[in-house]
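There are two complexes below, and they share chain A, which is joined by chain B in the first and by chain C in the second.
Right, the complex of A and B next:
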């Protein structure tokens, strides 16, 4: 791929994806559409070409590039599908400037409707239906933007509750959520995934999680470790609520976390230990500093796992409360509405 | 107690307190050696006084580091040795002769017991081929010397794969993975978060214990329960390797003190982020309790047994009279 054919704003975005400066389905999708708005604003149709045909290839090229920095999330794929559809239905007679302005407006409204409004609806629905009650101890895992919004809003509504943020190496994404909740004054506990089964004082009353994707069989694709949290909750008879915007529903079916996954950098596992002075490492040198020299040693850093539908009590989207078994139906419904619109 | 022995006891207590002597294996052997010296280097008129003396020293050793359950186990085993040796001897006609015979018998029995401790690792490892089969995919959690020896023994004859779960925050699995791989075993180090994703691909789980309770459950590195619960949900067998010196005659209820041990948040949350950490309760337990029903088999130096059999085996090495010291 020729780097020169990639818009500098997209190069910059790709770098942020690769370094996890921007992470999470909603954040990555929003950033991509905002950046593509700039690409489209700077776009001019070459002579003897039509915008609707040529711009599609430009978008594809940029999407392919972003895919090399980090695999596209389900949210981003949904946005790309939407954008390509919008380009394809543009009238060839439309002047370029009008077409571009129209597309940019469409993209803005996608972010507003599918993410901002959707999250507001999810938060409102969850709170109005009393899914967070006074005295609740809510266990969550890692960082989810909609869970963050939900908990902040619940606190703003003066519901007294406690949050346990569970987290895991190597990303420690839960610390971001923790900082946000603590700043708002919500009483919080923090633990690693390994401590979740022994959480007793206080014992979580429910689990609220975010999702990267809701698969056709009602399974949830989310940050590695989520499935363990849901499983432990089911064993402890605590309900598991997953908040996911409609656009994260997909017709994809994955039966385990190996059909598709994203592999993180192995160095994250070996290097991170060095930041933790542990007695076993004898100072600050990572035990794994020379792991590449050991022929039979491999490091595996999986990003996602699949929470089976049986471990999910309820999915909440802007369409309302959805039992996991109806995930595919919801997807079909949304798809139909889009094609009708 | 002679001055020399008394100093030895004090020094050992200090080492336990300062955590200079750590790990079930080390503390069990050191405790047994100290008690051996107490038996040989003290004056006592009869077995009742000897038991009193050993109980007194034992209580101090246990109090020095209650988390090291193997100390209490060693103390109780030595007390049982005294009781058994005393019943073996004919009725005392000459108290002095009886005393010296008892002393010699107890000392020998303690040395035999230490020998047992020293060989428990190899004894456990010698059963590895019963449990690890060619092309198996084995999952283990964190560091365990016993499990390491076990897998290395199997690796001498068989080709199999090991997934080592790193066991954050201490990440003792890193050392485990390095040692296994250095021994030529096909090893993959994975994060704690990947346990559920991997479990369907795993044939069996082999775990080490910090202590085994009377009912066949175990106290182990925090996170072991996560692995065990996930394994149960995926219907994968769990093999626990443990020397008999880790097997306690007490049940879970008497071990609450150990289970409530909470480490400092170090490694879980950076102190540099002081503003947040001050307002947050950081939960970082040392140990988990894995109940017996999650364990498929216990491999000890006495053989391979279902966990429910553990209470019977305890009768051979502990006396009911010593449950409370």
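Right, the complex of A and C next:
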């Protein structure tokens, strides 16, 4: 790929994706659409070409580039599908400036409707229907932007509750959530995923999680570690709530986390291990330190896992409360409504 | 009216529903028509409210009916059945919004929809009973039932009339107050010549291995396919699951209700604080009359549209609202 054909704003964005400066389905999708708005603003149709044909190829080129920095998330794929559709239905008679302004407005309203408004609706429905109650101890894992909004709003509504943030190597994304909750004055505990089975005081009364994607059979694709939390919750009979905007519902079916996943940098695992304290006898170096030299050793750093539908009690989207078994039905409903709009 | 949060169990500022005109109307209708399920009786009550409403505009009428429905929702006994009725009624209201300027015509339409449901309720129940008698109750079966359910009794009698020979074990259904309704079931079944054993609820574990399947009615079926039904139903479902016995629910589709309980205590008026440990023997009277059975414990739900697994309830509910 010729890098010179990539808009500098997209190059910059790709770098941030690759370094996880921007992470999370909603954040990546929002950043991508905002950046593409700049690409479109700077775009001029070459002579003897039509905008709808040519701009589609430009968008595809930039999407392909972003895909090399990190695999596209389900949310980004939905946004790209939307953008390409909007471009394809543009009238060829429309002047470039009007077409571009229209597209930029459409992209802005996509973010407003599918993410901002959707999150507000999820938060409102969850709280109005009393799914966070006084005295609740809510276990969550990693960082989800909608779970963050939900917990902050519940606190703003003066519901007394505690949060246990479980976290894991190598990203420790839970600390982002923790920082936000602690700053708001919500009573929090912080633990690693390894401690979740031992959580008894306080004992979580429910689990609230975010999602990268809701699959056709009601399974949830989310940050690696989520499936363990949900399984443990089911064992402890704590209900598991997953918050996911409609645009994360897909008709994809993945039987396990190996059918599709994203491989992270192996160095992350070895780097985290290399910071292990040296034992008193000295000279203890993690075996991972020289892992590249050991032919029989490989490191596996997966970003996602699949939480099976039977470990999920309830999915909340802006459409309302959805049992996992109806995920596909809801996907179909959403698709029909979109095509009618 | 469906979006309002359920009042907490400790709310005291609200009037007792039995003392209000609409509450008394419901109780009168239940007395006069003992065959109607609570949901249908509540629909009939709200339909009457329209007839006597003095509202001059549609928005006044809706406000008026929502206020009446909110009072009915304060009934703690059979609360979920009443919530189902109120939700269904608000759907009638929504569906007849087209004629904003002709209030009388709108009223007529809502009343017709309400009356239609009430008139057809007997046939709906009969259809479910026929379905269960044909496909579920088979020769030499031993059917375990709980307390009293009109639709279950109807199905058993129908199966008997079809000359199926089977036995019934009835869990007495002692909810700690009043008489156990299982006795009424026993009397009715025996009058129709069905061999019947009435057992105390404590004998459940002892009898379960002799049982072919469990057949229960419903106060309400919630969005995830879970069941709200008379106290003790969940106990039976737990025992049935561990004994690998099928657990069948019979429910008219008007009992599908837009509630999504996460736990036993996530229903209106259900609160672990009602388990009174202060030492008074009155504690049982404060317990709710129903419990919640989550969908994994349910084999099939039999409705007038046929039998399906709990997972399909939400699909049917989405389809019904369109």
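Keep in mind that, in the parts below, the second predicted complex is superposed on the first by the 329 of 341 C-alpha atoms of A that agree within 3 Å, B and C clash if a C-alpha of one lies under 4 Å from a C-alpha of the other, contacts with A are read in each partner's own complex, and residues count from 1 in each chain.
In this section, a residue touches a chain if its C-beta (ideal position, glycine included) is under 8 Å from a C-beta of that chain, and two chains touch if they have at least 3 such contacts.
In this text, all values refer to a predicted model and were calculated from it rather than measured experimentally.
For the composite obtained by superposing both complexes on chain A, the positions of chain B and chain C are free of clash and fit together. Using CA centres, the angle subtended at chain A by chain B and chain C is 90 degrees, rounded to a multiple of 10. Contacts of A:82 after superposition: neither chain B nor chain C is touched. Applying the stated contact rule after C-alpha superposition, one finds that A:178 touches chain B and leaves chain C untouched. After overlaying the two complexes on the shared chain, residue contacts for A:20 are found with neither chain B nor chain C. Contact with chain B, but none with chain C, is seen for A:189 once the two complexes are overlaid on the shared chain. Comparing chain B with chain C, the partner in contact with more residues of chain A is B. In the superposition on chain A, A:321 contacts chain C only, with no contact to chain B.
Smallest inter-chain Cα distance, chain B versus chain C, after superposition on the shared chain: 16 Å. Contact residues on chain A toward chain B in their complex (touch as defined above): 164, 168-170, 175, 178-179, 182, 188-199, 223-225, 227-228, 231-232, 235, 256-258, 261, 269-270, 273, 276-278, 280-281, 286-288, 291, 294-302, 304-306.
On the chain A side of its complex with chain C, the touching residues are 128-131, 206, 239, 241, 310, 313-314, 321-323, 325-326, 329-330, 333.
For chain B in complex with chain A, the touching residues are 143, 163, 166-172, 174-175, 177-178, 181-182, 184-197, 200-201, 222-223, 225-226, 229-230, 233, 259, 266-269, 273, 276, 279-285, 288-289.
Within the complex, the chain C residues that touch chain A are 3, 5-6, 223-225, 260, 262-263, 266, 295-296, 310-315, 318.
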